[in-house]
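Next up, some structures in structure tokens.
In what follows, subunit A forms one complex with subunit B and a second complex with subunit C.
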Partner chain A sequence: MLKSRRNEILVAMVLIAPFVAVYGWLFIYPTIQMVRLSFTNAPLIGAGDWIGIDNYVRLFTDRIFKTAVWNTLYFVILTVIPGTAVALVIALMVSRLRGWLQAIVLAAFFLPFILPVTVVYLIWWWVFDPQFGIAQYIIEPIVGQPVSVWRRPDWFLPMAALVTVWWTNGFSILLFLAGLRNISSEIYEAAALDGASRWQRFRRITWPLIWPVTALCLTIQLILQLKIFDQVYLFSLGGRTNTTMVLVQYIYEQAFVHNKGGYGATIAVALFVIVVAVSVLQYQALRARGAR
Partner chain B sequence: MKGILRTALAAAAIAALGVSAQAKETVVWWDFLGGGDGVRMKKMIEDFNKAHEGEIEIQATTLDWGVPFYSKVQTSVAVGEGPDVMTYHASRIPLAVSQNILQEITADDWAALGMGQDSFANAIWDAVTVDGKQYAVPLDTHPIVLYYNKDKLAAAGLIGDDGLPKGLNGIENFSAAMKTIQDGGTKWGLSTFNAAGDFQFRTIYSLLCQQDGQMMTDGQWLAGDNIDKLTNAVKVVADWVNDGYAPAYTEYPAGIALFTSGESAMHINGVWEVPTFTDLAAKGELGFEWGAVELPVFFDHACTYSDSHAFALPANAGKDMSPEKRAAVLEVIKGIVNQGLFWATAGHIPALKSVTDSAEYQAMEPNATYAVLTANMVYDPKSVFAGVASPMYSAAANAFTAAVNGEVDAADAVAEMKEELDGLQ
Partner chain C sequence: MSATQRTEVHAGVGQNRLIRYLDISGLALTLITVVAAVIWAFPLYWLVITTFKPEFEVVRPYIELWPEHFTFEAYLHIIANTKIVTWYINSIITSVAITVGVVAMGAGCGYAISQLRFPGRTLLWWLILASFMVPVQALIVNHFVIMSGVKLVNTLLGIILPQLIVPVVVIVYKQFFDSVPRDFREAAVIDGANEFQLLFRIYLPMNWGVTTALAIITFIGAWNAFLWPFLVTTTEAVMPVSVGITQVQDAFGIYYARLLAGAVMTGLPVAVVYLIFQRRVTQAIMLTAGVKG
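For the complex of A and B:
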């Protein structure tokens, strides 16, 4: 009995060994190296000298780092909940359609998701172009003049968030649609017989039953948007990056433009800590909501 | 077993013989030329490969311009995986030298190339020199120039008897000229890529030089009255927008479109856009006569920002270049640099004086007209923080984008830039 248990453990070890080895080599080892690097003044290439916690001291007095933390959180606020809410609304509408019409409408909403970020960037770059962009026909009557949204710090992140929601929403819509299809129509029929209004049916049936999917969407979006880089980097090229900076962009800027690998690693460690903290917070919040 | 071994050895020997008999050198080449100049470079490489068939073969790869290119070069050279030869911006050489990733171009190399200090304009030679040593072979120099719509300038009485623009020198005269043009029914006097402050740095830096100002003196950023001179320069560019002569927040393609559609009479951009206008004119789609000249003199004397594409030999870590390989690489550089006349069709001014002095080049227009500016060029300050896609450009992007579009006062923007530059260590 004991022997076979030991055998089982051995077999299990052998079976997970390849994964553990690859995971250790590709994830754990680089992470340790990154933390080590954050205590040095290394340039982009080659090793640096050990400088203790100097990088971390600098981090706390770094104005741009503070801007980057705030901008990243602001971007998360602008995208995660609004994006998920929009996806739920669209999914609810799409689920009322039937047959080929539903397929076409769903495809229309999903299409942006398959575009590469560079294409998304070029499309929206022209849409908002101050001289030739079609969005200026909406902006100009409201604001009174064309607005260069990618060069104005107050416009930049909200518009980048809008583009991001447009771009990534298709995936959340699909998840919601799958969740909605899982809710048995019998429950709705029973509720209708009992005289439940449409709002009551949503509030009492759809919302609680779709909650696991909502939680999943929120979690995926949160992790994705904390790591925001591509769109913000592309839209801010040549512009006022110090005011529109997000965290991953600041890592890139320090390591690759300023040739400061050590300080770049320090910011990466800070981002790591922020992601862990926010994830734990969100997990607790979602669990509390689920238990109710 | 012995038999197999013998056969294998024999095969290896034959293979080795074959290689030495051919003695063909493969030169791995990286460049960042993705635009119209990239097409021309590919043609030059093809021609070179055809002319040297069986002797030298260039294996070229085109990579992304800017930070991605230089990051890749730095990291790959550090592990010995860099190319044999690569294009490099002269302005980026100081950083590369500080990281030991470039090989020196020695006196022997220059002899093999058949070139030397006298072959190039002073500013170009100086740009590839760090502490008295050269680290790259210049291919061209690519300044910014003033493109103009000849029809519109002529209508405003701004074309002289020599067929070139006149009356544009001086801040007031230039503004007055733009006003005349706009009074004549043209929407804008000038268009330029002012949505990006780093691009505007090129114009502003030219105007700084026109006042004998410098970004860096003795390792100090904007010391003494340089800060005021830079403010003056920013103010000139900002006033074009403030006074309604140039549209604010113009993106790169939009700036070109405004010029080609006739909505702006003048356009400031790099010489690399020459093929765009040449091609449009050749297809009969431009609809007006155009030209390009050296930037007008706004302050004390003529001066224009420029940079050079050059060929550099990476110092691949742990790999010594064989003499045969080095000879092949130098042959490649020599072959391409000497084709400057063809390269000039990309707008760039060839680095070799022998090319720009030739009758063929002098007959090329508008190239020959603006090429006179090589006597008045200023390159980036020699600092590891300067050069294209450098921290200095990033500081310029932040400070100038707001300033040249009238959102921030010129003096505040320059102070902000100095603060950021001083923070670089």
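For the complex of A and C:
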């Protein structure tokens, strides 16, 4: 019996070894190192001196860091709730359909989600091209002139948010569709017998029953969009980035462009703290809402 | 609810005018849905169709929904004049390696946590759950420091390694292995099977669907990855295609047909994988979002 117990432990060690090795080396170790690095003035590669909390003091007076925080929050506001609302509307519309029509319509809404960000970027770079882009046929009549959207600070983040919703919405749509499928059709039939209108059925049946899925989508989207980098970086290529800077982009700028590894790590710690704080807050808020 | 059922329900109410009204509004909603889907997918159509136009047609000052002169010139040009073939090979190597690594490590670790008792098991489980708190994007600086320490910057292995940490795969496997009935295990143990045989003959085969779903979504994720491959590669020879095509623009200025032909070639493999394995992709998304199904 003792032998088989020792054998079990041995087998377990062999099975977990690869994961634990990679996880320890490339996840836990760098997480600890990130915090340590944030107290030094190290360049990206090479040793630096311990400078205490200087980096953190600097962070609080850094105007670009403040811009990056605001832009990230602005981007979250522009994407999370509108994106989830759009996904719910699309899911409601798709769930009414049946058979091949539903399959095709769903594929049309979902396909952007599986594309690489660089493809999404190239598509919309072309669509918004100030001279030849088809979006200018909509923008010009409204604004009066073609707009170079990726060079205009006031247009940049809202349009990046639009692209992001277009790109990532397939994920939430799938979750909503699964949730809608779980609502028993008998409830709707009973409501229809009682003469409930479309809106009443949505307000009194669908909305409360779909709320857990809505909460899940909001949580996932919120955490995801706080970590925004790819689209914003790509669309800002060749322009002035300081006005449209987001947090992860600022880590990249400081560490990889300005060769300030220590300060880059400090911004990374700030991102880490924001993500943890927001997750905890949101978890509490959603639980409160769910308990009501 | 089918159309006939719906009619019955409303006929039961006995308001004929209401039925007609509802059917018309139902039809209108379907129409709106289809139009919305067409608008939603239009940028994709516009992408593909632009690549088959000659450059002078691309910049015509009006909307041309179908090319006047259909041509593959853009594709031929991009294949002949960029490293896209190399980028493609790099993408295939890194994505396959990441997929195999993530699934194999996830299955092994998930099995150990689910079925075996060993010291540190609970601690490991909590560490995996807690990892959701740490944004991987915050680790880019230190990943780069580690990779340059072992001289793996600008190598395919350097692209692969940091992308191997996908704790959610361990969690999904643990949950599925948990729900395999104990009877199977006990019967096999009586027949003299050891732990590895249990894993490879019973637990994995019983969950092939999960493995397929996780492998597909990991492959798509690895193929699409941008931030880390972009940071760790500076020479075109080691770039994956998702990073490589951003270099095309610098080389050509704006020749949109060529630029977008590169985009189509980059997105095509994942689009095809999705269209073939739609059901599995959907399942995988549910699994990784924490909805077991």
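The working rule: the second predicted complex is superposed on the first by the 266 of 292 C-alpha atoms of A that agree within 3 Å, B and C clash if a C-alpha of one lies under 4 Å from a C-alpha of the other, contacts with A are read in each partner's own complex, and residues count from 1 in each chain.
Criterion: a contact is a pair of C-beta atoms (placed from the backbone, for glycine too) under 8 Å apart; a residue touches a chain by one contact, two chains touch by 3 or more.
Small disclaimer: the values here were computed from a predicted structure and weren't measured.
> Going by the contact rule set out at the top, does A:Phe256 touch subunit B (first), subunit C (second), both, or neither?
A:Phe256: touches subunit B and subunit C.
> Looking at A:Arg151, would you say it contacts subunit B, subunit C, both, or neither? Reply first, second, both or neither.
first
> Examine A:Asn242 and indicate which partner it touches, taking first as subunit B and second as subunit C; both and neither are also allowed.
A:Asn242: touches subunit B, not subunit C.
> Give one of first, second, both or neither to describe whether A:Tyr137 is in contact with subunit B, with subunit C, with both, or with none.
A:Tyr137: touches subunit C, not subunit B.
> Check whether subunit B or subunit C contacts more residues of subunit A in the superposed model.
Answer, by number of touched residues of subunit A: C.
> Looking at A:Leu174 after the superposition, I want to know if it touches subunit B, subunit C, both of them or none. Which is it: first, second, both, neither?
The second partner, subunit C, only.
> If you lay the two complexes on top of each other, which residues of subunit A touch subunit B in one and subunit C in the other?
The overlap between the subunit B and subunit C interfaces on subunit A comprises residues 44-45, 129, 131-132, 237, 256.
> If you look only at subunit A, which of its residues touch subunit B in the complex?
Interface residues on the subunit A side: 43-46, 125, 129-132, 146, 148, 150-152, 237-243, 253, 256-259.
> Which bits of subunit A are touching subunit C when the two form their complex?
Contacts found on subunit A: 8-9, 11-13, 15-16, 18-20, 22-23, 25-31, 33-34, 37, 44-45, 90, 93-94, 96-98, 101, 103-105, 107-112, 114-119, 121-124, 126-127, 129, 131-132, 134, 137, 166, 171, 174-175, 178, 185, 188-189, 192-193, 195, 198, 216, 220, 223, 226-227, 229-230, 234, 237, 248, 251-252, 255-256, 261, 264-265, 268-269, 271-272, 275-276, 279.
> Considering the complex alone, what residue numbers of subunit B touch subunit A?
67, 71, 74-75, 78, 95, 99, 195-199, 247-251, 254, 257-258, 384, 389-391, 394, 397-398, 401-402, 405, 407, 420, 424
> With touch defined as at the start, can you tell me which subunit C residues reach subunit A in the complex?
1-2, 5-6, 9-10, 12-13, 25-26, 29-30, 32-34, 36-38, 40-41, 43-44, 46-47, 50, 58-59, 61, 63, 101, 104-106, 108-109, 111-113, 116-119, 121, 124, 127-128, 131-135, 137-146, 148, 161-162, 164-165, 167, 170, 194-196, 199, 220, 223-224, 226-227, 231, 242-243, 245-246, 254, 256, 259-260, 262-264, 266-267, 270-271, 273-275, 278, 281-282, 285-286, 289-291, 293
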